[in-house]
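I'd like to ask you about the structure that follows.
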C-alpha cells in the first residue's frame, strides 16, 4: 500500500505512530487507523479539519474529535497511572488557542495531567505573575506564544523545570508567519528553554509528556 | 569640498547636523567640525573609535570623548532650561552597554536629563519590577536589548509614556546580528512602542529628546 | 473564560485594552466588549472586517464603524480637553489609505486632533513641499508609505517633532509584502524617526497620541 | 555597578546565574565571579577564550578551564547524589567537538553523568546503530550536528526519552552558518525532539540536566 | 505563434521538449502537442491538473493521464531496449507521493525501469534498512523527501551509485515551503548526491534516466 | 592560458573587455593587460586596491590610477568627439564617494562628460533642489545612495531622462550590506529608474554611457 | 479628494502620471481618468483585470484594453514622429507573455516602435542566435525572463545598446516568486544591463522609451 | 579517539572516506591519514590551505599537493582501467579557477579522465559555442560558475549527458556569497541538470565520477 505504518514504534518509543492529518484524505486516514486499531493500537490524528473529522466519525463514531485542537483520538481502555504531576500549558493570547489546545489534548491523550494558563502575555505582566505558583509546581511547561513570542523567556526565569517553547504563526507584517516568535525563543536569555517548530503544539506536548513520564519514574 | 554640511538644520530642526564618525578619517572629521565650530554650532560625533578620537583630541582638546559610548562632543556655553523631567535609559544586559551609553550621552548632550536602569533583562523579571517606579516617572523610555529583545514589551506594559525600542546586535547563531531582537520589537503586543535600527542608540535618544522637549513645553 | 481582559490597563496606561479584531469571531468580540462596557470602559476594535462589524452592530448599534479604517469604537461621554495641538497623518499614495485611516481614527478616538495630508509621495516632491507648513506645526507626524517607503526620510528632514513611520504592504515583487518600506524606514538618514510594524497604523497613532498628550501637559 | 548579578536565581531555579564570557573583558568577569564566590555560589563561565581564561587563572587558580569546551568553572565541595542515570551527548562529526564538549562539561558541572558518543553522522549509519543501546539507556540525549543536521531525526526515532537537538555552524555555502542544520532539526519528523540555538551546547545540556534531575526524583 | 517549440531538441538531447503544463490553458497545450505529434514526436506534459487533463483527453483520447503524478503522455510505438537496469525511486512519507510519482512516471516514459520504495523516512530507520538491498542494486536513485529532508543523506551513505535528491514542499512553519529540505540536501555529508529544485520530481528523474542510459551503453 | 580575453568585444560592443581587479593577482592582471595592449586595446581595471595598483605601475607607469575610485586605465590617443552632453553623477552622502567616483571615472574613460553632484541626500531636501537644474540638463543620471537609498526616487521625479540607480553597502544593522537601498530602488514609485548591483558604480556608468552615446547619435 | 493627480508631470517628465490599476476599484479609476481627460491628458492604466476593464469600458468605450498585457489606454490624436528606431522586447518562455506584452504595449502607447522576439530562452540557444541581428539593430532591449532569468546575460553580450532586464515571477520552489531571476540579472557579468522590479514590464519599457527618445534626438 | 574513520566505506561505496581539511589541524589530519594508510587506503584531503599542506608534507613527503585546487592526495599503485571516456570541467571566469580545479583534481584522483574548458562565461557566448563539440563528447559535465551562474543552463541545452552544476561564491553585493548562482542553477529551464553546494567542486566531481564509472561499465 501507499503507507508503511511504523507498528514497531509503540514498542520502541512507548507511543504508537501519530497520524499527521493535513494533506491526507479522510479515506486514507480511515485506511491507516483501521490498520492501527486492528493491532489494538491507540490512535491520535493531528491537524484534522472539522470537515474530514465528520467524514471519519460517520464510519468510526467511537473516536473523539477535539474541535479547537483539531485533534481526533481513540484510546484503548487501560488502567491509567494516577499521579499528581501535571504539565502547565501556558499561552500568551486568545489567538494562540488552537495551538495551545493541540498541546493540551495531545498531552492528555498521551497520559499526562494538564493545567491550562491562558491569555497571560507579557504586555500585562501581572496576569502572568498571578499564575506563577501554579506554573512553578508543574513538571514541565509548554509555553505557546505568537507575535513577538516573549512569554517563554519570562516563564523560563520563574521556574526550575524544563520549558518547551512553541512559537505560533499569529501576527502580521514583520512577523513573517511566526519567524519572529521562533527567533525570539531560540535566542532566549533564560536557561532551560528548548523550542519546536512554529504552530507545533503537538511536538511541544510530546516532549513534555516524555519528561513528565521520567518524573513519574516511567522509563 | 567633499561634504555639504547642512548648516540650516539647527534652525529647521533645533539641533545641528550630527556627524556619523564611522567610515570617515580623523582628518575629514576635523574639517567638518571646524566648519561647524566656525558657525558657533554645537558638535556631536557618533560611532567614533578611541583611536580616531585621540587623533582629534590632539588638535581639539576642548572636545570631550565618552569612551563606552564612542561619542565625542562640544557644547557652546548657554543657559540650560532647568527641569525635573528625565528620560529612562533601560537595558537588558551588560553586553548592551555601548548602545545604552550611546543613547544616554546623546540625550544628555542634546539637553535632557537621563536615568540609567541597566542589566534588568526579562529572564529575572523581579530586577525590572523593582525599578518600575523610576521608569514610570520618566517622560519617555529608551529600551535597549539584544538576544531575544523582549524587554521593551514588558516595559511597554508598565508605563504610560512613549517607549523607543533599540535592538542590539548582541547574540549569536539564530540571532542573525540583531535581526531577532529587531523583529521582536516590531511585533510587540504592548502599545506605544516604536523602533529604531539595530544598535542605533543615537536614534533612540534623539526621538526621546524630541518628546521630552515637547513635555517641557519647548516646541 | 478564554480571555483575561486587562481591566487594570486604563489605570496603568491611560487607555483600556484595545481589541485586535482579526482572527476573532463576532461572538468572541461581543463577549469581550460587553465585559468592557460593564466596567464603563471605552472600546476600540481594530482590523475588523465590514462583515463582522455588521454582525456586531446588529447587537450593539451604539458602536460606530469606520469602514476604510476597519475600526469600530465606542466612547463614554466625557468632557474632552480642548486644544489646538494636532497630529499630522501623512501618506504617500492612495493605496495606503486603509492604514492611514486606521492611524487617523485611532488618534481621534484616543483624544487627539488630526490633520490628514494624503497622496504626497516623493516621486512628485512639490506636492509634499506645498504641505510642509501644516506638517511642521503638528506635535507629531505619523508617516505612512508603501512601495519604497521613502516619505518619512523627507518629512523627517523638514520637521522638528518626532516622526512615527508606518510601512505598508503595498507593492509587488521585490517589495516582499512591505519589507522594502520597513527597511527603508529603519535605515533613514533623518533623525527623530522611529518605526512600527508593517501596516500598523494603530501602533503609529498610539505612540503619536502619547506624545501629543505630553505636549498638552497630560502625563 | 554595571551588572546586577541575579543572586536569587540559585534559590528560584536550582542553579546560579551562568556567565556568558564572550564580549566581556577578563576584568569584568573577575568582578562578577568574585561577587558570586563571596556568596558561596558555584561559578560557570561559557564561551571563554583560552587567552582570557589564562588571565583569570592568574588571579583565581582555583578555577578549572576546559579548553575544547571553552568553559571555566568552580564548584563548592558538597556531597553529590550518586546515580546510574546519564545523559548521552551524541555528535555527528569531529568538527562539532567544541559544541559537544560545551554540552558535556556543562552537564557534568551541573551534576549529571555523561556518556560521549562522537563522530556517528548519518552518512555512515552503521556507526550510529552500533551505539544505539548506550544511547537508548540514557535519560535524555543532547544531539549535536552541523552541515545538514540530520542526526537528531535518526536518534529521535531510536529512543523513548527526550532529545535536545543542537545545530552547529559547521559547514559552508548554503549552510548559512548553521541555518541549514537548525531548520532540519525544527522540521524533524521524529517526535520528542526540541531544539536550542545554533552552537548552544550549554543550552542543550541545561535542559537535559533539568530532565535528568526530574528522572532522579529531584524537583 | 506564441511558442517556438524546440523541435531540434530530440536530435540534440535524445528527448523532445517537455511541456510544462502549469500556467498554460488546455487550448495552448493542445496547439503545442498537435505541432509535436505532427512531427512524430513523443509527448510529455508535467504539472497538469486533472481538470485540464480531461479537457485534453476529450480531443486526444490516445494520450494517457497519470493522476497522482499529474502527468500526461503519448509515446510512439518503437521497440524498447530490454534491460535489467532500474532506477530506485525512494520517498520519505506518504505526503511526498505526488512528487515521487512525477519522478517515477517521467522515468518510465523516458524509457527506464523503476522500482518504488515509499514511506521509508529516517524517523523509523529500520524501514529503510530493510529495503537497502533493492536500492543498492539500482543504477541511480531519486530520493524524494519533505519536512527535514534527511533521507538522501542516509541513502547516499548506503549506495555506490549517483543519488539525485528531490526536496518537497511538504511541511509547515520553519519548513518555509521546502527550503528546509532543500538546504539539508545541499549540505549533505554523504558524497555522490546532487539536488534539483523543490518538488521537481521530473527533473530528478530526467537526470537519473540520462545516467541509466549511460549505464546501458546508450550515449 | 587561464584566461580567454574576449578580444572580439570591442567590435561587438564598442568597448573592450573590462578587467575585474578583485581576486586577481597583480601578475595575472599584468598578463591580461599586456595581451590587450598588444592588440591596441584600451584598458580599464575596476576594484583594484592601491597596493596592487602600485605593483602594476612599477611595470607599466603609462597607466593611470584613480585612488578614490580604485580604477586603473590606459587610453590610446584618438580624437574624442566634442559634445556638450554630460552624465550627472549624484550621490547622497560622503560615505558613498568610492562608488560615485567609480561611476564618474568609468564614464569619463569610456568617453562621456560628467558632472558630480555629491552629498545631497533626501534628509536635507533643499540641497538637492538647489542642484535640480544641473541634473535636469543631463542625458542620464547615475544616482548613488546607501542607507535607505531614497535619493533615486526623488531625482526620478525631477528629470525626464533615464536614471540608473546604484545602491551602496553603506549603513549598519537592518541595512544588511546594501539590501535595504537595493530594495528601495527596485520598488521606486518614480518611472524611468533601473537598478544595478550593490556598489556597482562601474555598471551604472556603463549603462549611462551607452545612453549618452545614443543621445550623441553614436550607435 | 482621496488622490492628488500629479498634473504637472507631463510638463516635467514628458508623460502624464500613469495609473496603477491593482488595488483600485473601477469607480476610483473612473474618477481619476475623468480628471485627467478633463485636462486633455493621455491615459495609461496598468495591471488592470479584465473584469474591471469591462466596467470602465461600459462608461468610457473610447478607451482600448489590451487583454494579455492587462493595460488600458487612451491617446489624444497628435502627429507622431515617424522613425525607423525600435525597441526589442525579448522574452524567454511562453509563460512570460503577460509581462512581455505589458512592456510592448507600454512602449507603443508612449510612442516607440517595438519588435517582439519571444520564447527564445537560453536552454535552446540557437533560437536566440537566429534572432540576434534583429535584436542588435534596436536602440534598446527589454529582456523578460522568469525561472533562472539567464537571458539578459546572453543578450547583453550580443548587443551594444542598453539592456533593461525584467525578472518575472514565473517558476516554483527555489524560485521564490521571481527572486531567483532578479538576483541573476543584478549579478550579470555582461555590461550595460540594468534591472527593474519583478514583473515590472511597464517600468522596463518606460526606461527603454526614454532611451529611444534620446536616440531620436527628443530631449 | 576523537574520530571514527569509516573504513568500511571503500567496500560499501567504492571510495574511501574523504577528509575535509577545513577546521582540522595538521596534527589531526596526520593522525587520520596514518590510520587510513595503515589499511592501504587511498587518501584524499580537500580544502587544505598551503600552510597546513606544508606541515603535512614535512612528515609525509609521499603525498602530492595541488595548490590551486587546495587538495592533497596519495594513491596506492594499482592498474588503472584505460578508457577514452572523460568528464568535461567547464567554468565561467578566471575567478572560478579554485573550485574548477578542486573538481578536476578530485575526478582525476578518483580515476576519471578530465578535459578543462575554462573562462567561457555566457556574456561572450561564442567562446562557449567554439568548445561545444569537446563538451558534447564527455560522459558528464561539471559546470562551475559564480556571479549570475547562467552557464549550466546554456551547457545543459547543448549536451545529452548529465550536467552537475557547481555554484561559486564569486561576486559581490546582491550575489550573497553564491546564493544568486545557486538559485539560478536550481531553477534552470534546461533538463538534466542537478546541483551541489556553493563552492563544492569536490561534490560535483564525485557525482560525475560515479556516472563516468557506470558509463565504463563499472558498477
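Read from first to last, the chains carry the letters A, B, C, D, E, F, G and H; within each, the first residue is number 1.
Following the convention adopted for this analysis, contacts are C-beta pairs under 8 Å (C-beta built on N, C-alpha and C of every residue); 3 or more make two chains touch, one makes a residue touch a chain.
By chain, with names taken from UniProt: A, B, C, D, E, F, G, H = Nickel pincer cofactor biosynthesis protein LarB.
Just so we're clear, the structure is a prediction, and the values are computed from it rather than from any experiment.
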Contacts shared by subunit D with subunit E include exactly A, H
Output for shared partners of subunit A and subunit G reads C, E
Farthest CA centroid from subunit H: chain C
Note: among C-G, A-B or B-C, over half of the D-E contact pairs reappear in A-B
Max Cα-centre separation from subunit G goes to chain D
Subunit E to subunit F, mean C-alpha position gap in Å, rounds to 46
Expressed in whole Å, how far the mean CA point of subunit E lies from that of subunit H is 26
Dist(centroid_CA(subunit B), centroid_CA(subunit D)) in Å evaluates to 36
In subunit B, the residues touching two or more other chains are 123-124, 157-158, 173-175, 179, 182, 186-187, 191, 197
Full set of chain pairs in contact is A-B, A-C, A-D, A-E, B-C, B-D, B-F, C-F, C-G, D-E, D-H, E-G, E-H, F-G, F-H, G-H
As the complex stands, subunit A meets subunit E at residues 2-4, 6, 8-9, 17, 20, 22-24, 28, 167, 169, 177-179, 182, 197-200
Given the complex, residues on subunit H that touch subunit E span 12-15, 18, 139, 157-162, 164, 182, 186-187, 191-197, 203-204, 206-207, 210-211, 214-215, 217, 219
Subunit D residues touching subunit E in their complex are 92-93, 121-125, 129, 147-150, 153-154, 156-158, 171, 173-176, 179-181, 183-191
In the complex, subunit B touches subunit D at residues 94-95, 97, 118-120, 123-124, 126-127, 170, 172-175
